[in-house]
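Structure first, then comments.
Should a chain be cited, it is by its letter among A, B, C and D, assigned in written order, with residues numbered from 1 in that chain.
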Amino acid sequence: MIKVGIVGGTGYTGVELLRILWNHPEAELQVVTSRSEAGMPIADMFPSLRGKVDLKFSEPKKAGLEDCDLVFFATPHGVAMDNAPALVDAGVKVIDLAADFRLQNLLQWRKWYQMEHAAPELLAEAVYGLPEMNRDRIARARIVGNPGCYATAVQLGFLPLIEADVVDRSRLIADAKSGVSGAGRKAELGIAFSETADNFRAYGVPGHRHHPEMVHGLGGAAGRPVELLFVPHLIPSIRGIHATLYAHLNRDMDLQTLYEKRFADEPFIDVMPAGSHPDTRSVRGSNTCRIAIHRPGGGDKVVVLAVLDNLVKGASGQAVQSMNLMFGLDEGSGLDHIALMP
Amino acid sequence: MIKVGIVGGTGYTGVELLRILWNHPEAELQVVTSRSEAGMPIADMFPSLRGKVDLKFSEPKKAGLEDCDLVFFATPHGVAMDNAPALVDAGVKVIDLAADFRLQNLLQWRKWYQMEHAAPELLAEAVYGLPEMNRDRIARARIVGNPGCYATAVQLGFLPLIEADVVDRSRLIADAKSGVSGAGRKAELGIAFSETADNFRAYGVPGHRHHPEMVHGLGGAAGRPVELLFVPHLIPSIRGIHATLYAHLNRDMDLQTLYEKRFADEPFIDVMPAGSHPDTRSVRGSNTCRIAIHRPGGGDKVVVLAVLDNLVKGASGQAVQSMNLMFGLDEGSGLDHIALMP
Amino acid sequence: MIKVGIVGGTGYTGVELLRILWNHPEAELQVVTSRSEAGMPIADMFPSLRGKVDLKFSEPKKAGLEDCDLVFFATPHGVAMDNAPALVDAGVKVIDLAADFRLQNLLQWRKWYQMEHAAPELLAEAVYGLPEMNRDRIARARIVGNPGCYATAVQLGFLPLIEADVVDRSRLIADAKSGVSGAGRKAELGIAFSETADNFRAYGVPGHRHHPEMVHGLGGAAGRPVELLFVPHLIPSIRGIHATLYAHLNRDMDLQTLYEKRFADEPFIDVMPAGSHPDTRSVRGSNTCRIAIHRPGGGDKVVVLAVLDNLVKGASGQAVQSMNLMFGLDEGSGLDHIALMP
Amino acid sequence: MIKVGIVGGTGYTGVELLRILWNHPEAELQVVTSRSEAGMPIADMFPSLRGKVDLKFSEPKKAGLEDCDLVFFATPHGVAMDNAPALVDAGVKVIDLAADFRLQNLLQWRKWYQMEHAAPELLAEAVYGLPEMNRDRIARARIVGNPGCYATAVQLGFLPLIEADVVDRSRLIADAKSGVSGAGRKAELGIAFSETADNFRAYGVPGHRHHPEMVHGLGGAAGRPVELLFVPHLIPSIRGIHATLYAHLNRDMDLQTLYEKRFADEPFIDVMPAGSHPDTRSVRGSNTCRIAIHRPGGGDKVVVLAVLDNLVKGASGQAVQSMNLMFGLDEGSGLDHIALMP
């Protein structure tokens, strides 16, 4: 059994890790830390865990994280970079669900997260935890930067087109929509029920933190720079990301076959039949990303629809998928949830 | 034209006052204050007002509130009691939408609001602003305490039964449900979308601030004390209060007729046909309270269903109704909105 | 492995049975019938099942249901009573998720469901499938009538009070609220999004089909008739039942201890700490019923709050719980889902 | 006073017409027809109208529509084309809220609506009712085809760019999102609450009925054909359209100024400050379309955000706006609603 620790268990990605790991056949939850809630039974904060998880939140300093085999950081940006180096030195593998180990470019890190990076050496060795792109490197990694939720949907949706070099790399558009839980568990007016329910809006059109991560990943897959216009929106739903991706074909190709082949061996990518419109609820609570490809009118425009659960394939599920790879387990271990529908 | 000021225009009751007053044929908005947002155009905070309301928030001290004919306090509890006395002394009429002038009993005030009352003399003269109960007194009042949203629904629903003395006064139950906007416009985890959507729960079962106000009002109508069990719940909707009221008949009576007669002249009470189930959306944005009376199986149990919009008849609309009375205007002036449905 | 069939797999209780049974370690899904959709892969109708369930809907007549060990009827009222007798005769155990085998009283059946009962003899032997009440009888049953969702919440919430004979049996009130999925998967204006979202209302105040079932169950537990006033409401949420139960104590007792003792060995009843307010999301997707007991002001009124997921403990999960009992399996087999939160 | 009739008052656009016209100072509602509900008081179907609208639904044949000055058709596609000619011949002006008089091209009509057009001559004279494009022609029209909701948002958002000829006309993309009420008031599984709440999906990617209408309008504004990729999505909200529009600049220009100038005299277009993100709730219940223009990174890509209420500016409000023009009234008469927020 792998001994697992979670730093920062009071957010949505933390409680989702607990939900997934509780059922994981080869991982054992050792410790969950919270500076603010040390001593409180976790199930007091999250009654959904009553009768299942009986751990208490631990004080981070005294938690014995260095005795774990793997530690997840489900913390705000900037925490993992301070604490991961000592753990990695102690032989503990680390997966950060925040952004600290996603961006190799230190200038971009500083620009988008407004702080100096505290562990540039460890960053240099960190692997970007998108298994469909970096499976082998994740398997050998000591530290993984878990992708952002938008970034997962957008990259998975564009990947076959980019790898096959069939679209104009300077004209990619990602019109993405996310449920409100993507903003995290916090007291903030902008995500209050009365501000977001029965409402819809774009945000961050001038620029969004997930943008450099997507451009970097897709550029890597292309072997050349890509230009991507990314516009996120807020859906009045709890979970779910829907990415509507637009590209311009530069040569003819059977795209349905392209996608089916590219993802044939991927356990968590479901290429839907031609003509499909995946809905976010079809992946609610599951680690699957469902993708459909359209070519309206048979012309040179491609529309890719990709959906995932931002807290599972977009966060905690993907992190567990990486954990499985890092310890040589079955990649899908503990991740066979059927979506909750309706 | 009545010159109107609003103290504290950044909450939901404030913006709802602006929506209503903007269309009011005999009131003119002079000033809206906000300590934190002084200088900002109101429509920058509430884009729904763009092109209509072109006032800016004013610094309270320099706002010239004493030049108004009437000032609404749409502030947190405890603000009006500090500021209303000087205004009333200056001849300005005051309506407080918070609780400062609702409870005549100072011990209860202290118990439920955890502060000393700053204006006990003014409180003694304040009128409880439920027109269906206190119309004449409101018309003569210098200061009005606008009822709580739950309190309005529960009192209006029970009133005919209590006045006619046909139910057991020791066995009243109010199972009430409110949309999330009743909690106000604020940064608070408990009202975040991801915490309240697709969810339902009771709260405050051991005790709720609106309870003394209801018991006082109903007791006054009865001429004797009443016992009321009040259980509030949170609906995953923005607006709307639904009160399901239970009482035990102590003698036979045609209740449908009782209610129709009692409210025959009330412009904002709609007694629905026997057998009806009013829904909250049927009053969304309007000042109407719709009521239906049931007597399941024809027995001695009564079930009253009462719905209203917590921000209109439960707050700002009712306050404007009182204003109309205080200035001798048509009681419904500015309040003829049809509910927004769907 | 138990061979399982499902008659009528196109509704919400059907797809929920599929979600649960797919993970069940000792049950194997053999056949799912649908008259209207025979031949269609189930996952074409429910994309959430893609990559998991690869069965097709079968024509009921040719489905070979008689070769199953157990057949669930997830059909409209009136179907199971026509088809269950032949299956039971063939040695197949049957659990009906509709109402055909819930009401022993044929007059009430006719009154509420407007049809003659087609299998009165089998009805006479049928066991009401509430394990917390009838565990031993379910274990020996050939046919089980699975309780209604409201009926489960109301009976579980009142049971300890009734069994201990500490409340006035003539003054029980159940103010219950249900998510919209309780109405089933169908084309009906009244459950359209634009009719139910941002809205709240009571319905069926004059009478509801679940009432006789609750009165019968609670009366059986009391050994004497009970009177229950039941008022259902529609929550703008997908899943979740919240029952707010009111009773009048006829003698003093430590209710928290009463409930904790009564349910100490129940795997799916969670008695929460005194003062709690359970929310429906804390059981979303799980088979748990969470209960909290209040005695406001320490007086003689009791308020019980009970929540469950209408499609799990209120339908398909409870049916699987009965199946486990009928085949001598661990009662919780296949039912260890943690609620999906948020 | 203009005498107004409504054919088909049982849908959402019908009840919204009633809400708007009831307050209209210069229009008087004479008759509302419904084949299925003739004789029923309208307020029995829509309790939101109780105490305001006291008309009953009339049998269409006997309704005396020919005595009206103007008749709105709030009917399914195909009804107005059968009935409008006789009314127009009788001197009654007609506004059709369905599609019968939107598409001048009969082949496209047949392709998208699967029926022969019954009144091609009248269609030839019909004016497309987008005041911002066709104000003068509407003022002189005998018959107006009211634009589709998506079509209104998309055309208003693109119009300044197209008229100024500053974008590549072959690369327009409209990623549009609509609340569920856009699908109408009907019994249909796909719009049931449990199917659409907490969910998000695209639909009609291969083709949508509003597409020819948009291409025709924008092509007319350009004086040359345009190519537009249109992808609609379903928001789990009741009202609201959000169009996210993408275009490629072919020369530099100050777009903020372009939009502000183009719409300077438009009473119902609100060009927001640079950098804004309009939300759909800011127009809920109002006839305003709010627009914001972005040029991320200052490059050659333009992102336009346009929001409107699909039942007001996207349907009934726009129809009343056209009525005002047709009768020489103030264009905004009866349309000064402030959005209901929150």
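Definition applied: a residue touches a chain if its C-beta (ideal position, glycine included) is under 8 Å from a C-beta of that chain, and two chains touch if they have at least 3 such contacts.
Owing to the predicted nature of the structure, the values given are computational and were not obtained by experimental measurement.
Ranking all chains by how far their C-alpha centres lie from the centre of chain A, first place goes to B. Chain pairs B-D and A-D differ in how many C-beta pairs are in contact, and the one with more is A-D. After Cα superposition, the angle needed to carry chain B onto chain C is 180 degrees, rounded to a multiple of 5.
We define each chain's centre as the mean of its Cα atoms; on that basis chain A and chain D are separated by 39 Å.
Between chain C and chain D the centroid-to-centroid distance comes to 45 Å (mean Cα coordinates, whole Å). Look at where the CA atoms of chain B average out and do the same for chain D: the two points lie 36 Å apart. Of all residues in chain C, those touching 2 or more other chains are 12, 179, 181, 185, 194-195, 197-198, 236-239, 278-279, 281, 284, 342, listed in ascending order. Only residues 12, 15, 18-19, 22-23, 46-52, 181, 185, 197-198, 238-239, 270, 272, 276, 278-279, 281-286, 288, 290, 336, 338-342 of chain A touch chain C when the two sit together in their complex.
The touching residues of chain C, when paired with chain B in their complex, are 171, 173, 175, 177, 179, 194-195, 197-203, 205-207, 229, 231, 233, 235-240, 242, 244, 246, 248, 275, 277-281, 284, 294, 296-297, 301, 303, 305, 307, 342. Chain D meets chain C in the complex at residues 12, 179-181, 183, 185-189, 191-198, 236-238.
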